[in-house]
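Okay, so subunit A shows up in both of these, paired with subunit B first and subunit C after.
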Partner chain A sequence: MTLLHIKDLTVEYPSRHGVFKAVSGVNLTVEPGEIHGLVGESGAGKSTIGAAIMGLLERPGHISGGTIAFKSKMINGLDATAMQGLRGKQISMIFQDPLTSLNPLLTVGEQLIETISLHLGLSRDAARQRATELLDRVGIPDPALRLRQYPHQFSGGMRQRVVIALALCSEPDVIFADEPTTALDVAVQAQILDLIKDLAQERQVGVILVTHDMGVIADTTDRVTVMYRGKVVESGTTAQVMSAPNHKYTKSLIAAVPRPKIKLKRFSQISYGGRDTRFAIEDIARNWNRVETLLDRPLLRVKHLEKKFPIAKSIFPGRSTYLTAVDGISFDIMPGEVFGVVGESGSGKSTIARLISGLYPLDKGEVEFAGQIVSDPRKSEAVAQFRRDIQMIFQDPYSSLNPRLRVLDIIAEPIRHHKILNGAALTKRVHELLEQVGLGAAAAAKFPHEFSGGQRQRISIARALATQPRFLICDEPTSALDVSIQAQILNILKDLQEHLGLTMLFISHDLPVVRQMCDRVAVMQKGRLLELQDTETLFANPQTDYTKELLTLMPHLEGLSDEGLEI
Partner chain B sequence: MFSFLIRRVLQAGLVLLIVGFVAFSMFNFVGDPIDNMLGTERTQADIDRLRAQLGLDQTFVVQYWKFLANAVDGNLGVSYRQGRPVAEIIAERAPATLELATVSALFAVGVGVLLGIYTAIRRDGLVSHIIMSVSLIGVSLPTFLIGILLIYLFSVELDWLPSFGRGEVTDLGGWTTGFLTSSGLKALILPGITLGLFQMTLIMRLVRSEMLEVLRQDYIRFARARGLSEKAINFRHALKNTLVPVITVTGLQLGSIIAFAIITESVFQWPGVGLLFINAVQFVDIPVMAAYLMLISVMFVTINLIVDILYVAIDPRLRS
Partner chain C sequence: MRYSSDPETTLSLGHRLKRAWNSDLCWRFRHSPVAMISFAVTLLLVLSAIFAPLVAPFNPFDPGSLNLMNGFTPPSTPNAFTGEQFLLGTDDQGRDILSTILYGMRISLFVGFAAVTLGMLIGVTLGLIAGYFGGIIDAIIMRIADIQLTFPSILVALLIFGVAKGFTPVEYRDEVALWVLIIAIGLSDWVQFARVVRGATLVEKNKEYVQAARLIGRSSSSIIFGHILRNVMSPVLVIATISLALAIIAEATLSFLGVGVPPTQPSLGTLIRIGQGFLFSGEWWILLFPAVTLLSLALAVNLMGDWLRDALNPKLK
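Let's turn to the complex of A and B:
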């Protein structure tokens, strides 16, 4: 029997500017034991479908058409009490960010027991027993002890397991999982997806898995529905949609997925929906008046970098405990090279970027740039020149731009700081930069919140190019972006490297992306550098066990359509 | 946790030492008490004798050391005006102020938190809008005006409540209390509300905005998606998370309730330490002023210490 049957669902948000249709005419079914993938970029209406099923649409949003049937019974339009009986009890939800979906002030046990006693009507002791079993089921070791701990004592992956345990409390028939692994590391992501697959099979739970990651869809789901701007553009079995997509938008999505197995010249961009993908690299190259002269010696040398962070402070310095984030790391980067750093979260990747750029003071070690030592703040002249030559692009396009500044001032800031230009010449330069990154000069007068994630990352790039640097540090520049936008941004970075000879330090946890972007790759674990190889050698012939493990955890993406790839 | 407590106590000690220094400096820099104490027909011998008696002939350091040592001992000097030990005078007056402060703090926190939660949950309700608008008036009217208006309404026009003083008090071995007689309790109502009204509106607005913020969090959405009842979500999950920032502000506000009771005490002729302080200022009664300063700072420091400990009690993330 079909568990969930959504028919012609339309969700509207009336506003002063007219009615916004977040979801229009969507059809979707979920069978027992089936994982149904829901894919599309942010704003496509995926999460809205979940909120509509759960009866949790934020006002003034409402279902304006269509039906949602659960086990052949209509559930849209039920009153609040009836809906609350259904919610959690028969349909559960898993949220994207495990760091924010648990109440930080209650122990994990209190939250589980509360939910279990509500749904199953068990006594406290029986509920505790059940909670222990559930934690064990989702793969948390030592469950009896863990029950007494608070969410902050769990790692991200463990918290997501707790969230899943909470969703399972009531033995639901349908689980709506909203980007359950987006915030997690590759290794943890694979474990959580396996857990969801097991649950679907073992208990015949129907799962709707929302994601923007085609890798997750390809490896996990049975059926897939592709959404674009609130509408379903394609739906079918996963194998069929992945290998032979019909709709142009699906084709563009699949073509934009970074391939783990082959290195492509460029990311393919089958553009869809008239989005602006222009990036005037020739223009930039023409106005670029810095030519990389140094060619045979390393541009950046890093020697024995070390950084510790205090984790527990004591009044006696000797008793404080420290976390060694970066532990004696050395490497050289040649001019024009793209140097990748990979590793899971907490491995010290971002700390290296911050140490090199001087955002964190070094504990030990040395940074040398173009033959000058730049890690010594007393050599202020060398440091000032270095700061101009090195720029950063950050991961989160939302928090890395000051929301109170206009785009003009954001991009002009480094130029002003280094006293390169001022007055009308400065404004002209900013307008040029904005034209070149494809945003147009008019963007200068706007504020960051008026732009999408991809557009903001273009602003970050314009800001980084403002001082005409020789070296770019890209710290997970695309991990917060949709796959099609990611392809655009990565192509821009490739252009910068090829046309301007920019040297890059490229930090990522996404191995397929690293394979496409980098010349050499350093693998990090717990602050140490495990392995440093040419990219192709590393992927073909990994030396350490850790690297091998990381490679097996990559999405396999077998049978993905090759249409539109530039090999 | 333990090292955190020790650090906080050491910091508190340092603050008190600095305040003690400021208080002591008043002896040397705020006028000469001898002028006030002796009449115009004084002789040089009188002046010298009084100077020696008050210890004012010794060096600065010796005087400061003696002041600190005495203060720790509970000996805060002798009032220039009344000729009695300051500690005794303050002990006489403190119960009045502390009882008034307790009543207004309970009023401010109790009513403030309840109204804050109500206006957050029923964000768009008519009653909420009315409460929010009226609360603006509470914030913008000065304390003395509210006091006078309340006296006019409830004492002069309606004649329900007394307009000044503490009413009948019971002496419990050195602590006079107004809690045990009906006239004492009645007398507490108007000054209690006057003193607490501003803090009440502040706490209410703070609780409301914090609560609205918390209700937007993912863990509240997740709690709702698990089918928990509105009651459990609002009071079990949301309220506790609201408390952390609320406690900070509330702690500081309670300190100022005691420190700024002066105005209310003047309006209601309340025989507390605030009134004592005003009189001391008029007479340059430095020992009383210095003792009052020390007393207030001890209270502020203690309240803040309690606030820090409460933080740790509420938020497990601070315990590790």
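Let's turn to the complex of A and C:
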């Protein structure tokens, strides 16, 4: 029997600019024991479908057409009390952020036991018994003890397990999982997905898994529905959609997925929906003043880098406790090389970027750039030159541009600061840069909020190129972007490296991306450098256990269509 | 930091106005009766105060136009001796109440605006510095703020006013009284600006655009005033509006107590103080009209501040 049957669902948000259709004419079914993937980029309407099913659409949004049937019973248009009997009890939800879905002031046990006795009408003892079983089932060791602990005593992955246990309390028939692993590390993501897979099988629960990650879809789901701007563009079994996509948009999504197994020349870009994919690298290269660099000597040398952050401050220095974020790291980066740093969150990889660029003061160690020591603020001349020679591209395109400045002023800032140009020549230079990154000169008069995430990252790139740097630090430059935009931005970075000979430090947690981008890779764990190898050697023959484990946790992506790949 | 040399990237004035008219803030304003009414009342009062010499029927400070025989004329009633008529009546010296209110409002508004500007300058600067640098600087600034907060602000203003007056030579006292009053009220309300700006700065300074500016090599002061300042201004605008109402009332309170503006420049507070002496002898209009004016002014400005807060931060509702 079909658990959930959504037919011609349309959700509208009226506003003063007109009616916005967040979801239009969507059909979707979920069978018992089936994981149904819902994939699409941000704003495609995936989460809106979840809110519509749960009756949690935020006003003035409403269902303007179509039906939602749960076990052949219509549930849209039910009153609040009837909906409450359904919500959480027969249909549960798992959210993206495990931190905000648990109450920090109650122990995990209290939250589980309360939910169980509410939904199943069990006595407290029986509920406690069940809670212990559930925690055990979702893979939390020592569940009886863990029941008495508070959410902050759990790690991110453990917390998400608790959230899943909470969702299972009422023995629901359908679970709506909204990006359940996006906030987690790869290693934890794989475990959580396995758990969801097992649970669906074992309890015959229907799962709707919302994600923007094609890797998650390929490895976890049975069926998949691809959405684009509120509409379903393609639907079918996962194997069929992945290996032989019909719609052009699905093809562009699949082609853009970074492959873990083969190194490609470039990321495939099949443009869809009239997106801007221009990047005038020849134009940039023509006007680029290349600094002569000795190719046999490292451009950047990092020696015994060390950084501690205080966790608990005390007025007595001896009593403060510290977290060692970076613990004695040394490496060299050769001119023209793309040097990758990978590791889980908290491994210290972003701290390295900030230490090299001088955003954080060093505790110990030395940074040498083009033969000059630049980590000593007293050598102001070397530091000033270094500031011109390095630039950084940040992770979050929404916070790396000042929202109250026009694009013109954002890009002009480094040029003006280093007194390279001024007046009309400066404005002209900014317009050129904007043309070159594919946004057009008219973008100069606008504010950052008028651009999408990918366009903002292009503005960041234009700002980074403004001083014609020799060294570029990319700190997770695409982890906030949709996969097709990610491919565009990574191709731009590849172009910069190939045509301008830019040296790069590329920080990422995404191993397939690192394989495509980097010449050498450093693997970090808990502030230490575990392994440093040529990329292909590392992927073919990892030395440490930790690296081996990371590699096995990469999405496998078997049976993905090869259409449009540039090998 | 703006360039207007290139026609391609600059918008015409008309286009800008149209964009402002269609902006969310303006749209909310046009759809909120409370906001529009309070804005209209404020605008009316402010304009009539600014143009008092043109609007007022008499100049209350011109002794030549005064006729003691006109004293205590009730509103809109002919005077028993001279037969002259006054819309809101006259006071004991025969001055037209309407004119004294219009001139008095000038003083009240001037003191209010100047005091808020001063408090805002001090508070925003200290808040930015405390939030951006943190550590010992932050601790010192915020402890001073905390200590000041333990006293009612009107008491702080009284204290500053009294001390400053004590240091001023007698012959200059009346001349500088107005400025001393502005400084006293301004210094008494910088704290709330500093607290809000510090909080907002703590959030902003960790955003990546600040790191990007530091990476370029920008100095701390250009990051604070070139980048962070414009991102913390919307709460400041709200506090400034509400502070304006409070400052006008603070001025009225001080003048009511007789320690504010000199008697040669009567403000609304002075008028109320004079008026309350006649309340029980039947000349109610001398007190009532200045008091109602003060009330409407403070209420309208306050309601505007409330609306602005909701409009700039819809999540608060």
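One rule holds for everything that comes next: the second predicted complex is superposed on the first by the 526 of 567 C-alpha atoms of A that agree within 3 Å, B and C clash if a C-alpha of one lies under 4 Å from a C-alpha of the other, contacts with A are read in each partner's own complex, and residues count from 1 in each chain.
Methods note: a contact is a pair of C-beta atoms (placed from the backbone, for glycine too) under 8 Å apart; a residue touches a chain by one contact, two chains touch by 3 or more.
Please read all numbers here as calculations on a predicted model, not as lab measurements.
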| item | value |
| --- | --- |
| Touched partner set for A:P403, first subunit B, second subunit C, both or neither | second |
| Which of subunit B and subunit C A:Q436 touches, first, second, both or neither | neither |
| First, second, both or neither for A:R463, with subunit B first and subunit C second | second |
| Which of subunit B and subunit C A:P104 touches, first, second, both or neither | first |
| Contacts of A:T225 with subunit B and subunit C, given as first, second, both or neither | neither |
| First, second, both or neither for A:S92, with subunit B first and subunit C second | first |
| On subunit A, positions contacted by subunit B and by subunit C | none |
| For the subunit A and subunit B complex, residues of the former touching the latter | 54, 56, 84-89, 92-93, 95, 97, 100-107, 114-115, 118-119, 150, 152-153, 163, 166-167, 169-170, 312-315 |
| Of all residues in subunit B, those that touch subunit A in their complex | 3, 6-7, 217-219, 221-229, 232, 236-237, 240-241, 314-317, 320 |
| Sites on subunit A touched by subunit C in the complex | 16, 354, 357-359, 384, 387, 390-392, 394-396, 399-406, 408-409, 412-414, 417-418, 423-424, 426-427, 431, 441-442, 444-445, 460, 463, 467 |
| Sites on subunit C touched by subunit A in the complex | 1-3, 5-6, 8-11, 27, 207-209, 211-218, 227, 230-231 |
